[in-house]
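Below, chain A partners chain B and then partners chain C, in two separate complexes.
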Partner chain A sequence: MKSLRKYLDSVKPNFEKGGKYEKFSQTFEAFESFLYAPGTTNQGGVHVRDGVDLKRVISMVILALIPAAIFGIWNTGYQHYQMLGLEQSFWCNFWYGLTIFVPMMIVSYVVGLGIEFATAEIRHEQVNEGFLATGLLIPLVMPADVPLWMVAVATAFSVIFAKEVFGGTGMNIWNPALVARAFLFFAYPSKMSGDAVWYGEGEAVDGFTGATALSLANSNMELATSKYDFWNAFIGYMPGSIGETSALCILIGGVFLLLTGVASWKTMLSVFVGGGLTAFLFNQFGPATGIAQLPWYMHLVYGGFCFGAVFMATDPVTSCRTEAGKYIFGLLVGFVAILVRVLNPGYPEGMMLAILFMNTLAPTIDYFIVDRNISKRRKRALKTA
Partner chain B sequence: MSELFSKQNKEAFWQPLGKNNPVTVQVLGICSALAVTAQLKPALVMGIAVTIIVAFANVIISLIRNTIPMRIRIIVQLVVVATLVTIVNQILKAFVYDVSKELSVYVGLIITNCILMGRLEAFAMMNKPWPSFLDGLGNGLGYAKILIIVGFFRELLGSGTLLGFNVLNYECLQNIGYMNNGMMLMPAMALIVVACIIWWQRAHDKDLQEK
Partner chain C sequence: MSDVIKLRKGLDIRLKGKAETVYGQAPAAELYAIKPTDFNGLKPKMMVKEGEHVDAGGVLFVDKNKPEVKFLSAVSGTVEAVRRGERRAILEVVVRAEGEVKPVEVGKLNPSQATREQVIEKLLETGAWTYLLQRPYNVIADPKLYHKAVFISTFDTAPLAPDYDHVVRGNEEAFQAGVDALAKLAPVFIGTRGQGSSKAFTGAKNAKVVEFQGPHPAGCVGVQINHVQPINAGEVVLTVQPQEVVAIGKIFSEGKLDFSRVVVVTGPEVKKPAYYRTVVGAQVSSIVENNVNPEGTRLVSGNVLTGKTIAMDGFLGYHDSQLTALKEGNESEFMGWIAPGLNKFSASRTFFTWLQGKKEYRLDTNMHGQPRAIVVSGEMEKVLPMDIYPEHLLKAVMAKDIDKMIELGIFEVVEEDMALCEFVSTSKLPVQRILRNGLNLMMEEVG
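What follows is the complex of A and B.
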């Protein structure tokens, strides 16, 4: 370890002002502070209130994603060999999943961090850790078949147009990982949705249908609920984007996020309540289509509902910041997601669109909550005066 | 001759092509820039149509500017513009029917294009016919320029063609996994392409950057 420190000290002058690689000073700074605690302390009036900084929050999110990621990697292999009509060992499934997931993750990290470092150098700002979570979320919300160059294009699009143009981490309006997914969803729909994109390459055995639980429910609800019953769907034995299938693993991560205080239980709970309630109302009074009659508890475990509720809607940057706003935000995310699923047969899954839509509205909700609070307090002050 | 191309007149023509572009700097005429640019050909035709209409509307209004009563000047301007738009629309229908079908209502909607009323109000009402003509020509071409750039990228990346000719739809490209970007055909992406042009222009022109 000492030799590493020595090496860093020996190359440091090159990156300081006037040095040979002055242009890469932020890159050097990022690596140095990643490896070692910075040697300088804050000067002047600082307002540190908590030991939890961005680095720690992002690390918590990454830890929380690990169960879902591991299950997703295994499930990708499992679904692949199901399509081929083979039963394989646990490690065989896992290994196949790794060959799909790891390249995607590397591409998303290399492209995303590359752009982050470049903008940091251009703006003379420090690189921050925000992308580390996004870079892991992006491959988790992709189907197994998506080509790597599409992952690269989508990552570049979302980092530039959804994040950096607004001012970088913490300033973005939309969740960057979802923007990447939405971009691919609209740009290359044949690679992002349908029945054939969830399994990796290979010839399917006769009689194999690749429809996801939700698109199956769209056409034939009984078949969907018998093929993917509640517990199978809860544990995650179904086709879908890599990380979204296992409600169980996602909830483990969700509990971890709640215990560490990174995510808000208000948002998370109200997404489930909003979605469950809307689906329940559709069950009672909705049209006679399969997806409207799909039991409400199945809506919550099918598709990306859980993943969106736990990891996407709770993003502290893009959701509401006022406490009352979090309830409204969550309820509406659940409501819109089920609404899209049920009423638009063109989009079997509505969670992504619902969260992006509510991200757009979140500042407005916050504005009205704050406004109401101000007028309430003014009234109270006038009464006592 | 020197008077015809004086510095002022030259500026009236060149400014809107660059520093004072109606689309990227004044942010006028955005609607049609989004609506007709999914293919290059309609973008081109639209650009030419608007150029002709702005130039001649400017000349006509400039010629009668001293006789127009101030109170009803907007109506007079509208009549002139509407006449020219109708003429252009009929010509398009007669000679390039398929393009006119593609442009559909957007030719008629040139009447409501902010660039037209803006130039008539701001320039033609207080300038002589020749500078007005140059100003109209410059603004029309400035608009057409942006439409063509946007149309170029949208058609190339969205459909893999240019002016209908195949550029990217080859089997060897598809075999290595290339696909046309469907989002480029949606108006949302036109907005982002326009935004990129504005970004590029502001990054290169110090005068346009807000302090």
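What follows is the complex of A and C.
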């Protein structure tokens, strides 16, 4: 490892001010600090610092995504061969999934990081690590059939218009991965929803219907719950976006996020409570449509609810930043998600829209919570004055 | 029966190198210095020149804006140097001692028979007024203002901080005398650890004793004020440290100027952490010489959260009762961000050191990352036991939004109260510097 360190030190001057590759200074810096945690010391404030940094936090998110990603890769192959009417081995399914997922991931990382690095060079700022998580989230919320160029366009759109124009990592209003998905959802709806986009290319066998559990529930609740019963749906044997189907694997990741303290349990729990409660109320008092009568616990394991609750709603930048706000934010995400699912048959999946909508409202929720603190202080001053 | 306030938020950093309650021996220092930079916003006006003789208790310089506030020499000797920095700002006024350091006679004053003005006059005359800091801003108190209260925190929860029960042992009466004098200025509040603390603290008369429980920063006087009598806009409260209360007490009860100071030498790079008896502003080399490995070590006057870096032959800070030595962490670490990091201390649980129980850590000065945009939320709130939104306050400061700063409670905090926010910040935010910028802006604009 010493030789690598020496090599880095020897090429470093080229990237410093006045060097040959001065324009790539931030790029070099990003790779160098990736290989070696820098020896920067604290000056002028605290003398010791917590071991944690953004790289560490983002690494935890990526680790947490791995179970869902692995299951998603397998499930993509499994669903593909189901459509073809074939039973294949685990590795065969997995291999097919890899051929779908890996190119998407590469495209998302190359495009996204390319833009991130370029903006960092333009702004003369260090590259923020945020996209390392986003870049993995994007393929996980895509259906298997989406063309690679669409992944590229959506990634570029979300990184530029949802993130960099607001100032980059930490400044964005909406979750970038969801913006990428929403962009495709509205720009190319035929590739993002419906019954055929979840399986990869090939001729379906006769009698195969490819509807997702949610759209099936929309038309025929009994059929949905018999085809995808709770345990099947919980483990994830159903069509859907690559990473969203397995509640089990997502929850494993979720537990990891909570154990490491990276995600807020307040947000996560509130989303489930809000969603479960709303669905339960629809079960009791709602209209007689299939989706309204879909048992509340099925709502939580169908579609992207789990994935959204664990990985998307808990994004600290786009969620509420006050602790009290996190409860309100989470409850409303769950509420709006089920509301969209039940009352708007045009969009069988409400989670993405719910989170994006609540991302928009999060600063307002925070405003009212902080304002309570302000008026408390004002009243105190008046009382003693 | 004292009030008990339990604080849950906060963090005790488990740093290696805690001192046992024993006194080490070190020869008396030859040089003594007062550093105007130890006081926020102080503009000194020199009263002596280099090479001049000064007596113990003689005036070295005064505050340009409040000339009645005097800074006295702790020793008699010659003014060795007036060191200046950028724009000729005075950094250190150094005096070379001649002969032994002895207390100076200034005449007693019984506070119960004196007026508030006489007490203030005495404090100003004896240089002891410089021990009184005022909130907001943490600057030397203005003797002309009305002071709402005097707060004394009698315990320090910062990493490896001195144990004041031990420090004031033998000076219990002087402490009470100091409290009696300060009570003439304003009602005195004393924050204690409760049971087991020195009777001088828990049983102090002429003051309201409040017990605090909980991790750091429970010992920070700002946190205590926030829970007892939060500062409103326009109010001024005073804070004094226990050793300085003792020094004030000796002036009033014994008529003696006593500049002696107990200092605790701590930290992972100290061979034998121990307490030492020295004098305000003493050069530290005689204390640290054989006790600290000088190679690649940072010496801090104060604790690791709020202290200032000093040279191995530097001077003890004016208000400091602690020296900390730790390793400079200026080495890079291969893939440090993903390594298990079982030697890293973290308030977050992203390092699995939280499974290791109450281990003590040899922390160094490495930043463990680089400054980033603010991403993680809620981490600062967890270590600030005050009714304040730290992130929103800091953002208001960065935006220079004065109204917002006041609304969000900038008058109630100073750097030490929020130092832990800086420690835990994932984005490596320079919290204390931001806050000081905000406070300086407030002083200019609001006063």
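Definition applied: the second predicted complex is superposed on the first by the 367 of 385 C-alpha atoms of A that agree within 3 Å, B and C clash if a C-alpha of one lies under 4 Å from a C-alpha of the other, contacts with A are read in each partner's own complex, and residues count from 1 in each chain.
In the analysis below, a contact is a pair of C-beta atoms (placed from the backbone, for glycine too) under 8 Å apart; a residue touches a chain by one contact, two chains touch by 3 or more.
Please read all numbers here as calculations on a predicted model, not as lab measurements.
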item	value
Which superposed partner A:161 touches (first chain B, second chain C, both, neither)	first
Contacts of A:378 with chain B and chain C, given as first, second, both or neither	second
First (chain B), second (chain C), both or neither touched by A:188	first
Partner chain in contact with A:149 - chain B first, chain C second, else both or neither	first
Touching partner for A:285 - first (chain B), second (chain C), both, neither	neither
Dominant contact partner of chain A by residue count, chain C or chain B	C
Interface residues, chain A side, partner chain B - complex	147, 149-150, 161, 183, 186-191
Of all residues in chain B, those that touch chain A in their complex	177, 179, 181-184, 186, 188, 192
Residue ranges of chain C touching chain A (in the complex, touch as defined)	13, 15, 159, 230, 232-235, 298, 300, 304-307, 309, 324, 326, 328-338, 341, 344-351, 353, 363-378, 381, 387-389, 391-392, 407-409, 419, 422-428, 430-433
Chain A - residues contacting chain C, complex	1, 5, 33-42, 44-57, 59-60, 126, 128-130, 167-171, 259-262, 264, 316-317, 319-323, 326, 370, 373-374, 376-378, 380-381, 384-385
